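Have a look at the structure below before the remarks.
Each chain gets a letter, A, B, C and D, in the order it is written, and its residues are counted from 1.
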Amino acid sequence: MSVQPAAPPEELQRKDFITPNDVRWCPGCGDYAILNSLQRTLPDLGIAREDYCIISGIGCSSRFPYYMQTYGFHTIHGRAPSVATGVKVANPDLSVWIITGDGDGLSIGGNHTLHLLRRNLDVNVLLFNNRIYGLTKGQYSPTSPEGTRTKTTPSGSIDHPVNPLLFALGAEATFIARTVDNNPKHMVETFKAAHAHKGVSFVEIFQNCVIFNDGAFDDVYSKTTREEQLLKLEAGKPLTWGKDNEKGIRLNGLHPEIVNVAEIDSSELVVHDPNQESPIQAQMLANLTYPDFPTPIGVFRQIERPVYEEQVADQIKAAQEAKGTGTWQELLHGKSTWTVEG
Amino acid sequence: MSVQPAAPPEELQRKDFITPNDVRWCPGCGDYAILNSLQRTLPDLGIAREDYCIISGIGCSSRFPYYMQTYGFHTIHGRAPSVATGVKVANPDLSVWIITGDGDGLSIGGNHTLHLLRRNLDVNVLLFNNRIYGLTKGQYSPTSPEGTRTKTTPSGSIDHPVNPLLFALGAEATFIARTVDNNPKHMVETFKAAHAHKGVSFVEIFQNCVIFNDGAFDDVYSKTTREEQLLKLEAGKPLTWGKDNEKGIRLNGLHPEIVNVAEIDSSELVVHDPNQESPIQAQMLANLTYPDFPTPIGVFRQIERPVYEEQVADQIKAAQEAKGTGTWQELLHGKSTWTVEG
Amino acid sequence: MSSSTSAFQEKKAAVVRFAGDSGDGMQVVGERFSDTSVTVPNSIATFPDYPAEIRAPIGTIAGVSAFQVHFGAQTVLTPGDEPDALVAMNPAALAVHLDDLAEAGLLIVNNASFTEDNLKMAKFESNPLDDPELRKKYEVLDIDISGLAVEALKDSELSMKDKLRTKNFFALGFTYWVYGRPLDPTINFINDKWGKKLPAVADANIKVLKAGYFLGETTEITRNRYMISRAEVAPGIYRKISGNEALALGLIAGARKSGRELTFSGYPITPASSVLEALAGYKHFGVKTVQAEDEIAAIGVALGASFAGGIGVTATSGPGMCLKSEFMGLACITELPLIIMDIQRGGPSTGLPTKTEQSDLLQALYGRHGESPIPVVAPNSPSDCFRAAYDAMRIALAYNTPVILLSDGYIANGSEPWNIPSEESLPDISRPLAKEGDPYLPYKRDPETFARTQAIPGQYGLEHRLGGLEKDEMGAISYDPSNHQEMTRLRAAKVEAIAKSNPELIIRGNKTGKLLVIGWGGTHGAIASAVDGLHNEGFDNITSVNLRHLNPMPTELGALIKGFDKVLVPELNTGQLAMIIRSKFLVDAKSMNKVQGRPFKVTEIQERILEVLKD
Amino acid sequence: MSSSTSAFQEKKAAVVRFAGDSGDGMQVVGERFSDTSVTVPNSIATFPDYPAEIRAPIGTIAGVSAFQVHFGAQTVLTPGDEPDALVAMNPAALAVHLDDLAEAGLLIVNNASFTEDNLKMAKFESNPLDDPELRKKYEVLDIDISGLAVEALKDSELSMKDKLRTKNFFALGFTYWVYGRPLDPTINFINDKWGKKLPAVADANIKVLKAGYFLGETTEITRNRYMISRAEVAPGIYRKISGNEALALGLIAGARKSGRELTFSGYPITPASSVLEALAGYKHFGVKTVQAEDEIAAIGVALGASFAGGIGVTATSGPGMCLKSEFMGLACITELPLIIMDIQRGGPSTGLPTKTEQSDLLQALYGRHGESPIPVVAPNSPSDCFRAAYDAMRIALAYNTPVILLSDGYIANGSEPWNIPSEESLPDISRPLAKEGDPYLPYKRDPETFARTQAIPGQYGLEHRLGGLEKDEMGAISYDPSNHQEMTRLRAAKVEAIAKSNPELIIRGNKTGKLLVIGWGGTHGAIASAVDGLHNEGFDNITSVNLRHLNPMPTELGALIKGFDKVLVPELNTGQLAMIIRSKFLVDAKSMNKVQGRPFKVTEIQERILEVLKD
């Protein structure tokens, strides 16, 4: 491992982010496409390669840092958010990306995810949701639908699954999005939006585990289903989808209902506004689930709120402006001393 | 500690639930009123005293089991939900009450609370929210408002607080309510509703810590403020409050707005329906916060969903119906054996 | 089917290793070979060796999967140090495993897979089969296994891909011929598995199996065949069992015999997951399983179940043990029955998660704050896991205590024949609850065992509160200094008292001599084989003993140690048991350590023993 | 103010304990008494003793709060075994503390509070002041402290409630008179505190303080006064400091001297919370503090900060240590600098959370899975916490390793005078990062220290990945068996190598003799006092030594032990260090144990020493 001269930020390319290590996911795993998309995204962000830091927990997805030619930390199961918090607090200038799985981030690590989100650190969380534990060979996960049969649930799982976006809304995260591993363009767009957001960015990625949960998302995102089942959110645009955008959503009281766009006045359609302060529209969207509703992808919510590590730094600056940066004597002498003469 | 003959369930009284132990909360602590209210509630539920089990974590509030003459388990910090899960899975007939604090249940124990809620065990969670760490003498908690000055945050806290009800909605809990320690009647009603709900019941209780956070809720629930600031939720009734119920809530799109009831048609008011399947109304209500909106108390949501421990038992019953209850030979012989003759 | 061609060389035991790509079905044929061998009967022990990755790319070194079986005419206690025969289905398998092959061992290679691509993936610069040195060192049989399998199926309608998939059975058939094993058990297996659903596949596999066998019969391809004759095996009904399966069965058996309902709660982690997975399949036995959100919750659920009157059990590996430690302290102070299983793997941290190690012993003994003694039981072989789990439950219930069971990846995944016990042969381990109507003092103790008596929610009139704060005998919170001292003493005395109830040490060799070799847990097979082997060579001044109980220590150990000049403690760690033995018995115990993610070899231990004897 | 009435009895040292209800201000007057004593100067040591409850009901036994101060003309190392004088402000205080009072000791009682209600709450059946036995055993002064305080304020406009609140200063004033201490320091304190904001309160307290003093001057109420003359104290600038304050300052000093930014992340827990609380007040020193959601997150944040190039620190107590253990393993295998402070309290589980104990030593050494050696440093007094924290940071940075610092509730809350070090007297502990432009091998080691070199995010060209899986020297994941063995060896060798850099043992007594008394951490004061005391009595065959470094063990310890016939290890646990010493040095070290939530008494240790000498 010797020093490789990296290009200046404006000239970085995908290849600059590829490590010499063999990538060790199963052939066909959705993780490859996500890796690819992130390697395509980072060169365009105007950040020097050495200022990226990828932090993960444990799981198939969490092997990610080993495949990115940046600084990386493959930590322990579920705890990436806390390590990332320390990294960001210590050095707010780094671009920090947390890679986690549905087990890592929502089962063992659910609490750290919650607190990371509410604290609003300026980091990006990519949650690879394959609705299964991949690395430990196929037990059900907190996002597996009820009735999922796995090694540990031969009669079907009985836990009601976590909806990652509803969970993130419960934590009042400032940026919430969803993307899919079979749409590189959408992934790159979403990653860029996540990066652009100042504050915590929570991105759920539907990720296919070919070995233990193949086709988990086919109902909504396969070639044949996606037009009817995916609702692409775009700020300022009405909520419509379908081959010719013929379907739309309007409100009945607080409740969304599907309408035929042709049959109604277009002003009745809900217009997507991710930047509204109230979380209610994002909540309404996060409640939409297959098969009753289309599955929204894109940015659900993006609002401004002070960033944790900046406030840490600000409080220090304010204290230093008020009191100076502290002397040895001030430090050690405390409120009162006495002298014993020699 | 000798056997005290307890009355049959229908004749139990408050005194049957009082232990001889000294209660060791600070004089004036809101915990006393809550204890009182629960001791008044339990005798009325038609359950034998020995079938109650109170399980807590660590904190001032979590000393609760020691003061209830029932079975009790004062566990470790943040982990009461998991112990309660084990108790309920092992014996679904018990009436299990989890007592937790804002630190216990939402800081260290946030993840267990999340998973308890989504799994929908038939237990009751009473979260004593005093917005402070009491037992450890006054550090800020995950529900402390931004800017709270405590021993650990002399310049003010910078973490955006958790809204316990939004969090519970993020976990898709089936019963969500809020009550206040200075209204025994409302507490008893709410506890009874929680008990009546089949499935997990999550109850946030505003609780005053006289020592470290005195008056935290005075803005919304003191004698002088409560009429203007508390919105009592009642199923089937419109959302109105104020001295003469002169204020109400109606919708503007997805957004609630405060109206003068006299100035609008009463059909425009939102009518409270805790039993609707969609969480959207409950979400709208949980978003209402002081000072922009009144603070709702009462039952936000109550829906039906299969109960975890019953499903565990059902799967066992189904397996036994299909395969019998298993013999020694079936257990040990497995798929194939061979015999070595003597 | 038996064979009359080439004469057999008689051997006491042999070791065969099947190695190939993860997709090549090596585990399947390895299992078949061992199942066939037990019917001989031979004594056997096996060791599967999976790649760390779920699915490494085909043909790579990371993707190699292997299965080793040791079978003998005398008791066999380990899967064998080094294979006498290696089946290598591709270049990567050869690259990984060739070094292990015994001198002049038999090397069976599928030369069809030695393509340029595959050689490159295995990082070979040239084809090793072209190297004359290879043939000098080993008895090399390079066979076009893929080609011959396809050839055997020329009349089948299976796709080419499916035809190629049968090649593992060709290799198996040929290996059967080498060792003169019957084909019938495998044919029966194939018919059971595919006969109904996929008769064409069944047919094909049988055909190819036989083709492999007949290759030996009909050609002069090998000069040597080996005969491992019937072993003297104790009479009984046998099955093959892996360590983790045996743990699951031991728990169910214990729950049945104690009358407690079993609630098992776990969080998946290699190599412990399969305990939860196994138990989830026993719902009709009344077993309740909960996959918790993490290891902390898992032990919490188990403890809750015990508090409610069931018996709670959890299983994990090292990282999970860290997370469970706070709850173990609570179980210790509340004196509730509970079983915590640690299937050890290579550490520290994530370490070598798919490899074996014994480095959690000191954690099991001391990995909690405060004075919190917990009994520790360590099974010493796959089948012993049954008895160890049963024993752990006995202790947990009789003494109202958490118990740690320390297994390891090696015995968890390894399997061996198990002489199935009868229901009657297992002791009664039920333990009565407090009686309704009697006065109840939660911490009143049995004067002999020092155990308290449990009362459970739902029992009339016995309401009480447990918790992590120190209590007095009445169950009331107590800050009284002397009460804390006394409770601390009693908790320790209780654990010490367990020793009386534990089975006696099984000592291999004389009770006095020059060297005592002390091992614990899964190294039993290697240590016993090493010492037994030396006994056979006349070294009757060496004795070995395996500790199944690490806390409390066996009462007779101190006296035993005194009878020897030297003590050697081989462990798959850097000397953890040795540390304890030195402290407890003030004897200059020498450590033998290995931290390589692999079990000891018998020969390694023998060498070290001879060295120590010389010193 | 000095006094000329009653003559003084000269004493070498005295112990005074103030005890009353939590609301009686006992901590305040205790602090005043000790602050006044250091100006004499006397050598002092103090021990505050709070109730476990936040606010127990007034007058109850649970609500008693006390403060003990030991002051002497010679070096004083503990707060004293038993008070020579006890001030009891109410019956509950008397009930709790009377037993501790020295034979014929001075008992000052506020008899105004001995009302029927208060007697009942203190569980007295009759008024103990009426018991003639009491007056036989002690020198009892029952004074109407409340009444006299109110009387002194008859001209004040304060409310009756506020007047009554000054009674603690009356008791203080009287005690000053008994020991002939000056009032000025206290008057200055009162003026500083209330003079500006609440002049009436300041006035009242001063008046009452003087009234207390003059009660002694003007009446014949006591026969005895005591004089503890000036101590020979090393010259320097002094302050009083508690253990946890000293930890905070040591960390800030270390961060300044190493050039690393300090990020401290903790989760509140008794008795560790005050470290976080103290550091939160040093923002202008560039200290970053994070109150995390739990102990796991807290150590994760600290480790992240270290990875990013700062120095991460976390502090907790036993239950939190359990939770942090998995992350310690990660810090160990990634070889990042990190400091974990464990302020021990009574265990197991929640145990006796407000009481002291030393029962986490084995957890600190072994409480993680896998072979994961971590250096352990234990400060031995409140002020020593400064140096220990500084030292922990030196080790963490020089060796790229997590370090555990083991303090305890006793030294954390206790305070003593501290001779403030100058900036120059502290060694440079900076450690260079890897150089940009040089090739970077993450696990290449310094040949002497075995430490690797850190490169941090933001450094150009040094991009690399760390993680919990075993790595080779290049930093690549490695499943290679011999690499794992070698890395395991190197991690251990690195920790062993630290011993060379640690300060020499401070040995009290001769280097050979009959008995070596080995202690560690916070028992230093009691053990040293005990042995020094015996030296004074002529026992020059006893030597004491306190281990500040528990891992690695001091290199010279083995040789030292060899020079003695016997070894005694007093510990506030059931024999944890003794276990290690026995194992490492094969010496029959005897344990002296106490698990009562309280420190050793000097006399207890002396008795035990004499017993062992006799054996």
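Criterion: contacts are C-beta pairs under 8 Å (C-beta built on N, C-alpha and C of every residue); 3 or more make two chains touch, one makes a residue touch a chain.
Keep in mind that what you see is a predicted model, and the values were worked out from it rather than measured.
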Contact counts by the stated rule: is the higher one at A-D or B-D? A-D
Centre distance in Å when chain A and chain B are each reduced to the mean of their C-alpha atoms: 30
Inter-chain centre distance, chain A versus chain D - centres from mean C-alpha coordinates, in Å: 45
Report, in whole Å, the distance between the mean C-alpha point of chain C and the mean C-alpha point of chain D. 47
Quick check: how many Å separate the C-alpha centres of chain B and chain D? 40
In chain B, the residues touching two or more other chains are 58, 74, 76, 107-108, 110-111, 114-115, 142, 155, 312, 315, 318-319
For chain C, residues contacting two or more additional chains: 283, 293-294, 319, 326, 329-330, 334, 349-350, 467-469
Looking at which chains touch which, would you call it a line, ring, star, complete or other? complete
The answer for chain C against chain B in the complex is residues 35, 38-39, 41, 233-239, 241, 245, 249, 252-253, 256, 261, 263, 265, 282-288, 290, 292-294, 296-310, 312, 326-327, 329-330, 334, 420-421, 423, 436-442, 456-469, 474-477
Interface residues, chain B side, partner chain A - complex: 107-111, 114-115, 118-120, 142, 155-156, 158-163, 166-172, 251, 253-255, 278-281, 283-284, 287, 305-306, 308, 311-312, 315, 318-319
Contact residues on chain A for chain C in the complex? 22, 24-27, 58, 60, 74, 76-78, 107-108, 110, 133-137, 139-140, 142, 151-155, 211
Sites on chain B touched by chain C in the complex: 1-6, 19, 21, 48-53, 55, 58, 65-66, 68-76, 79, 81-91, 93-94, 111-112, 114-115, 312, 315-316, 318-320, 322-326, 328, 331-334, 336-342
Touching chain C in the complex, chain D uses residues 52, 317-319, 321-323, 325-326, 329-330, 332-334, 342, 344, 346-353, 355, 357, 359-360, 362-363, 365-372, 467-470, 479, 481-482, 484-485, 488, 491-492, 573-574, 579-580, 582-584, 586-588, 594-598
